[in-house]
Every structure is written in C-alpha cells, then in structure tokens.
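In structure tokens below, several structures.
Each of the next two complexes has subunit A plus one more chain, namely subunit B in the first and subunit C in the second.
Presenting the complex of A and B:
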C-alpha cells in the first residue's frame, strides 16, 4: 500500500514537471512577448524596447529562463508580473479561493444532479423517465456553458431577481451572500459536470444491476430499489469516481468562460487577462496550477479508489 | 393428503425479443412436499434454472411469467405484492446460487451481507444478528467463522464462499431451499462436501430442497425424487431409486446411459445422445424429444404426449409410449422380481 502511494506521488511529480516544461516552452514559442503585446508605445524606440527585454531577462536562452523560473517556483515564488505591482504568488493567492470554491460547488451540484438521476433511471430502465433524463444529459453535453450561463442570468437574475447577475462576496465576509453569488455559476458548471457523469453512471448502473449479486440481494428479501441503492450503486460508483476525476480535471478549461460570464474573480479570469498581455510569469503560474489541480484530482481519485475497493486494497498489499 | 409445500401449476415463462415471443418454460406443473428433496435435472437450456427463478419471481425483463400458479402452502406467489414477495424471498424460500463469487457483493464484507439477510426477516439488533451470522457460518462449515466474518468475498475460496452463500440462505430458516447448480462451479472433492452439507442441513432443519443440477450422480446422492426437464417441460418424475433403475421416458434412459459409473459392467458403452438440445423458440412439434428419440413413432411428431402416471405419488412420464414402456417394465418385473 505504502509503495503504491509513493509510486503514485512520484508519477504525479513527474507529470507536473513535464507540464511545467510544456507550459514554459509553448509560451515562448508562440509569437509575441510582453513587450510586443503592448504594441509600439509612443516614445519608445526599438532600442529602448530591446533594453526593456534585456532588463526583464527575455533575451536570455529559454533554458536559462526556465531554470531561473523553476528555482523560484520550488521556493514558492512564481515570479513578478510584468504589469501588476503584485507578485504572481500574491495574484494567484487572491484568486485561488473563489476558483476552488466554484469548482467544488460545481462538482457538488453536478453529483447532486447526476447520481439521483442515474439511480432513478436504473430503477426503471428504458422508461419515459430514462428517455427524458438521457436526452437531457445529451443536451447538457451539447449546450455551450456560456450560453447556459447567460440563459440562467436572463431568467433567474434579471426576470425573477432571485440571484445577483455577477460578482463575488468572500465566504468569510457573508456566507449567505457568498452562496447567492456562487449559485448561478455553480449550477452552470454543475450541468457541465452532471451531463457526462450521468451518462457514465447510467451505463455503469445498468450494467451492475444485471449482476448476480444484485439478484442475490433481491433473493434475500430486499426490494428492487433497496438492491439498486445498497448493492448496485456502490459498485457502479467506483469506476464513476475515476471518470468524475477526469471531468473535474478538465472542467478547469470550461471554468475560464464561466468566470468571465459571471464576473467571478477566479484564476480563469486572471489567465485570460494574462494571455492577452503575454504576462509570462502570471500565465505560467496559473497554467501550472491548473495542471497541478488536474494531477492532484487524479491522485486523490486513485487513492480514494484503493481505499474504497477492498479488492484493490488487497492487490496493493500483496 | 394435506396441501403440498410448493405446488407449481401450468407455469410458463415467456421471453420477448426482436423476432417475437418464445416460451422457454411451457406449462410446468409439479408438487413438492414439506421436507422433500427433489432433484431437477436436464441439459443446459432445458429450463431448470428458469423454473427456480420463476418460483422466486426473479425473472428479469425481457423475460416474464406468462401464466400459471405458484402455490406456497396454498398461497399463490404470483398474486403477492412486491413487498409481500420480498418477505417470501429469503424468508420462506431461499436460494443458493451457481457461482458464489458473483453472487456476493464484492465491496461489502461477509458480515454486512449476512447481517442484512438476517435483519431483513427478523427484528434483532445488529450485534445479535452478527452472532447469529457466526453461528450460521459455523453450521455451514466455515472454520474460524468469528474471525473470518469481517472478510470480503474475494478473500474466500470458491468452496468456502459457497458455504457462506448457504449460511446466508439459512438466515431466516426457510422451508424451501432452492440450490441452483450449487456445486457446478466447484471442484469434485468440494462438490461432495457441499452435497453432504446440504443433506445434513435439510435433515437437521426439516427443510425441503429443490436441487438443480445436470449431474445425475449428485442428484442420486442427495435426493428423494428426481424430475427431468427437457425443452422447457418436465418429462419424467419418479422416486430416485426407481428412476435410476427403470427410467420410463426415453430421454431419461438416454441421460442415464450417457453417465459413466464406476459400478457399471466394464464393457458397457457410454452412449451420447445424438443431436443437440433444442433452443427455446425452435422446440420441435409434438414431443420435443422426438427428433433425437430412438423409439419415436409418427404420432410423436404430431401430438404433445400425455402425462402417464408411473405408479408412485406424483410420478409420471410424458411420453406416447409411456404406457407400453411401463407395462414392459411390469412384465419384466413379474418374470424377474426385484429383490
């Protein structure tokens, strides 16, 4: 078991390092740099711009720049923003809490939609309810998140006035207001999570409900819904857990758009700003963090699977 | 005569597929007395397991019970609500399954699954149920039950896990045990031990057992009566000794000739039954066995055979030649009486 954990962590670290190289190199290979992104500033000559590049270290070799950045990262210093007075570390620190909150709430909403819906389907497969929910899931995967977000704002905020249209209040300041603000973006992202998870869990459940042990559960006197919930569901959730990990990991891409739509001061919004300005240090920091979130999610999911599944647990110990 | 424990009347099971509906179980009728040990034998696809699952009302769609009655002490199970039926399952009728590993939930401990079965049918505390579960495991021959009860199914061997499944079936002291190919997935020595165990359990508890198997030897070792299924019908039923010595139905005869016995004359030939068992939906007309039957006469292909009583309580053979074959047997007996 311990060996598995160590190996799994080592793989995660290796993946993160590879991600850092890809991020760093890609940013420098794509055309433009922070100086060029500003355009030709009035009063700046080509020599002065070259001078500025030199001061920022942008004229050094990529390897030298990378080593410089990496040695900072390992000490928790992600470098200085070219445009803000704050360091990347500070910028990320203020943005990470809203982003993580939104991601967690979206996952929660997604699971609260997907799991009961999949169970309802498994109780009566191929019923009209199955058709409605399955079509809903297909629709949920096809709908662009920003459009759904705008739709929710239009109805629930502007028409009905139940929720604020955009903005953010920190949880520590006013928990209730915080929840009112997070509701719409979380539901929007939640649908994005729920749709593929529902499809996956539905298939897993329909498969597991045909297993012998579910019939055994009925055979010892459980009602069908009890057999499904107590025996089929835990077994179907195990592969689904890995799938949820992947969906949540890739959600970080979609979250950028949602943060923009809802004026949510998260990392996504920060990343978009930084891309436009080629603010290397900030962008590298944010993308590396996204990679770390993905790696961490799959690490947690893998470890959790081992904890939950006794068969995996035994495999680990031998 | 008093009401039998189980009385199956005209039971048919239908399966629907793209081509329409097939009837893999056709008008099956038989009785089982309290404490009786009945073997249900036949080739794969003859409807043995289907009969068992139909009695438990555990036929999954696209299958369904098309007609018939399943009377448990006179009460028709097919008329019960889902909740009433759930009380019968595991309560009055309990089942032992073919593959113990797939029959147990892989992510729950043995204790959890046994306690669930016990508490479903009697209002006892978790602790009391756990103690009872340990007793049941002991009765089913699981050594060291108290310490092994917290294990997961994959940590048991097949034979040991089958004992766990048996213990689970005993949770509510059922009147009828249905063992569906309970020894098929096990190796031969384990098979013998499980058969002994089942024999002892039904003796001790006075429970009836319906033992489904394609192994005539196992059936002989355990059961009072033998019932043969072919193409979704019961073709013969008789007391075990009579059945083995003087099968009436040509199919029973063929089955017995295909069995290798240690006490047979050394030069006796093993005879395979020619052809293949028919598939549901393509059952031959008349007597379904007629294309493979060495004694078939024209009427066999045209008319369903009558049910010919063969001399004992509930004994019969469904064969056009049943009468003559029975008479032939009686004549032979008259000339050369059995000891």
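Presenting the complex of A and C:
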C-alpha cells in the first residue's frame, strides 16, 4: 500500500516535471519574444532592447533560464511579470481563488445532475425517462460550453434578469452576491461535467444492477429502489470516481473560455491576456499551474480509489 | 536455455481476419439508425460547404448598411450581422473554413499519432517508455492553452491553425493507437508473421494497421470533434480566424458582442458547431457498438 502511494506520487512528480520542460521549451522556441513585441514602439534603440533583455535574463542559455525558473517555482516564486509591476506570484494569487471556486462549483453542479439522473435511470432502465436523459447527455457532450454559456446569459440574464451577465464578487465580501455571479458559469461547466459522467455512471449502474448480490438484496425483501441506492450505487460509483477525475481534469481547459465569456477574473482570463502580450513569465506560471491541477486531480482520485475500495488495496499488497 | 519453437504448421493454422469481415462491420454500422442519422447529417454539412458557391445565396462579405442586424426572414434565413451581411451565407462559408481545418488537422493527427503510437507499441522497452512519458507530459497541459500560445506565436492563418490543432491531437491519438496495437500484437497471426521473418515495420504496416482500421476511425471521429471545438474556442476568444474571414467561432464572438440587440445572431453559428460535434460523437459511439457487440445490449 505504502509502496503504491510512493510510486504513484513519484509518477505525478515526473509528469509535472515533463510538463514544465514542455512548457518552458515551447515558450522559448516559438518566434516573437516580449522585447521584440515591445520594440515596435518608437524610442527604443537596439542597445536599450539588449539591456532590457539582459535585465530579464533572456540572453542566457535556455538551460540556465530553466534552472533559474524552476528553483524559484519550488520556493513559491514564479518570477517577475515582463509587463505588469506585480510579480507573477501576486498576479496568480489574486486570480486563483475565483478559478478554484468555479472549478469546484462546476464539479458539484455536475455531480448533482449526473448522480440523481443515473439513479433515476437505473430504477427504470430503457424507459422514456432513460431515453430523454441519455439524449440529454449526448447533447451535453456535444454542446460547445461557451455557446451554452451565451445562451444562458441571453435567456436567464438578459431576458429574465435573474442573474448578472458577467463579473465577480468575492465570497468574503458578499456570499449571496458571489453565488449569484457564480451560478451561470458553474451551471455551464457543470453540464460539461455532468454529461459524460451520467453516461458512464448509467452504464456502470446498469451493469451492477444485473449482478447477483443486487438480485439477492431484492430477494431478501428490499424494495428495488433500496437495492439500487444502497447496494448498486456504491459499487457503481467506484469506477466512476476515476472517470470523474479525468472529466474534471479535462474541464480545466474549458474553463479558460468560460472565464472569458463571463468576465470571470480567473487564471484562464489571465492566460488569454498574457498570450496577447507574450508575457512568458506569467504564461509559464499559469500553464504550469493548470498542468499541476490536472496531475493533482488524477493523483487524488487514484489514491482515493485505493482508500475506498478494499479490493484495490488487496491488489496493491500482492 | 530453451528457445520457443513455433509449431511447424503455424502458417496454416492462423490467418488474419478476412477482408470481407471489415466491410461487414461497416454494413452493420449503417443498419444502426443513430449512425445513419449522424452520417446523413455529416454528409449534408460536407455538401453544404463544398457547394458553398452554389448554395451560399449571398456574397458572405457583401456589406448592406441598410439591412444591419435584421432578424431571420425569407430573404435572410438566419438574419443579418452588424454590417448587413447575410448570416446564412457567412455560416456556410465559415463552415468551409471550419470543416476544412478540421479535415486537414485530423489527417495530420492520425498520420503522426499512428506513427508515434505504432513505433512505441512495436518497439516496446525504453523507446516505448520515452515516447509515452512525453505523451503524458504534453497531455497534462490543457490543449486549449497550448493552442492559444502556439496560435499567438505562429499566426492564425488557416494553414497554421490546421497544423497546430493537428499536432496537438497527436499525443491522444498515439496513446489510443498504442493500446489498440498492443492488443493485436499478441494475436496468433502476428506471432506467425514474426516467426515467418516479417520485420516490425512490415508487421505494423501490412498486418496490424489494416486490422485496427475501425479503432482508428473512432479516434479520427473524436479528434475531428475536438478540433472543431478547439478551433471555435480560439476564434471565439479572438485568436483564431480573423475578420473579414470568419469561422463559426468568429461569428459567435461577433454575435456575443451584439447579444442585447440581436439574440438570433448567437444561436445559428453555435447550432452548427453543436450539430457537427454531435454527429461526430454519435458516429464514434456507433462505431464502437459495432466493434464491440457486447455494448449493444446495454
């Protein structure tokens, strides 16, 4: 068990390190550096540009720059932004809370849709309800999240005026307002999470409800819905957990565009900003964090599975 | 140490699955109603964009200031944009770009991904380890972020978008192809071919890949869907196809800017992205059902 945990953590660290190399090399190899982007402004001589490049350390070898960056990151210092007076660490710190809130709320909404829906299907498989919900899931997997977000804004915010169209209020300032602002982006991303999870959980539940122990439970006098909820659901949730981890991990990318739609001041919006300015220092920090979130999600899910499922634990020890 | 000797009659005992069987699975696919609908939708979309000059109705760039932001009507099926351009025509021509990019990028992803995954699976050992760890590293970064960076650096022409989106879908393709090949590799006919002296490259090209074609088709379908979504997202945040050219994503962005005055503007471009991705997803699903008949009974 301990050996499994150590090996799994080591794999995560390795993945993250590889990601950091990919990010860094990509950002240094691509054409157009921030100084050149600035050099188009009048009044900058070649010497001044060289001087600036030197100050930012851009004239050193890639390896030296990478080691410098990495040693900073490990101490929690993401370096200086090329453009803003704030350090990358400060910029990220102000943006990370809204992003994490949105990701958590979206996951919550997604599960609150997917789990009850899958249970409802398992109670009466292949009924009209099953057909409606399954088609809904297929639709949810195909809908472009940003389009769904725009439609929600058009109808719920502009037509009906129930929610604000865009913006953000910190939770500590006004919890209720914060929830009103997070509602639409969270529902949008929640649908993106719910659709694949519903499909997966439905298949897992239908599989489990056919197994002997569920039939035994029913034979012993449990009502069908009791057998499904108490006996089948926990067993179907196990494999689904890993799947949810994958879905949430891939949702992190989608959040970038959703933050743009809703004017949400998170890391995704910061990334889009920095791309336009070629602010490598900020970009590499944000992208590394995204990769870290992805790696961490799958790590947590894998470890959780082992903790919850005794069968996996036995496999580990043999 | 003993060496495993293949039975003398190995070449008689095993034969690769017959050619006919592959077409059978395609015929079975067409018998699924959902697959038939999806294929029809895709065929109609392709026809629409290929025949754009004939069915476009209006010049997509023709400005008509007096007709700006009109709702849907018999004259302008999907309404007009802020410059009075016909939205239906712009969507048809935008689809030409969006689907063109998707086809090119999918081809690149499949070609390089199959090569990458194929080499990893066939060579095994250290080569496999290195190639697949690189895949892990790249795949832990959300595609949209890498795409944003590369598009900003290399420009947002149709060619560079197709190249970038294609390359970004190589890792996921490589991972899938590798596992499909590993399944096939240990079947008897592959062992037999190796025993008969086939090199790994020949084995991959002549025996294994033809037999994994359906799996490759599933992945191609999923890749195309993901590429269309990513391209639309890039164009939507203003880093993809630039005006006056427009893909569905660009149109959606322009519509979003006019959301208070022209609600229909955002509906139609998004609807086309939605339908295309839906059809590609359903196609991939149904292909899987046909490949694995156990799925059909769920």
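Convention: the second predicted complex is superposed on the first by the 307 of 318 C-alpha atoms of A that agree within 3 Å, B and C clash if a C-alpha of one lies under 4 Å from a C-alpha of the other, contacts with A are read in each partner's own complex, and residues count from 1 in each chain.
Note that a residue touches a chain if its C-beta (ideal position, glycine included) is under 8 Å from a C-beta of that chain, and two chains touch if they have at least 3 such contacts.
Everything numeric here is computed off the predicted structure, so don't read it as measured data.
For the composite obtained by overlaying on subunit A, subunit B and subunit C can both be accommodated side by side without a clash. By the document's definition of touching, of the two partners only subunit C reaches A:31; subunit B does not. Between subunit B and subunit C, more residues of subunit A are touched by C.
Within the superposed three-chain model, A:234 lies in touch with subunit B and out of touch with subunit C [touch as defined at top]. Between the C-alpha centres of subunit B and subunit C, as viewed from that of subunit A after superposition on chain A, lies an angle of 80 degrees, to the nearest 10.
By the document's definition of touching, neither partner reaches A:95: not subunit B, not subunit C. With both structures placed on the common chain, the touch criterion links A:215 to subunit B but leaves subunit C unconnected. Our summary of the superposed model lists a minimum C-alpha distance of 11 Å between subunit B and subunit C. Those residues of subunit A that touch subunit C in the complex are listed here as 14-16, 18-19, 21-23, 26-27, 30-32, 138-139, 141-144, 146-147, 150-151, 153-154, 158, 203, 206-207, 250, 252-254, 256-257, 260-261, 271-272, 275-276, 278, 283, 286-287, 290-291, 294-295. Taken together, the subunit A residues at the contact with subunit B in this complex read 210-213, 215-224, 230-231, 234-235, 238, 308-311, 314.
Here subunit C touches subunit A in the complex through residues 133-134, 136-138, 140-146, 148-150, 152-154, 225, 229, 232-233, 236-237, 239, 252, 255-256, 259-260, 263, 266-267, 270, 273-275, 277-278, 281-282, 298, going by the rule given at the top.
Across the complex, subunit A is touched by residues 56, 58, 60, 82-83, 86-91, 94-95, 97, 99, 102-109, 116-117, 120-121, 152, 154-155, 165, 168, 171-172 of subunit B.
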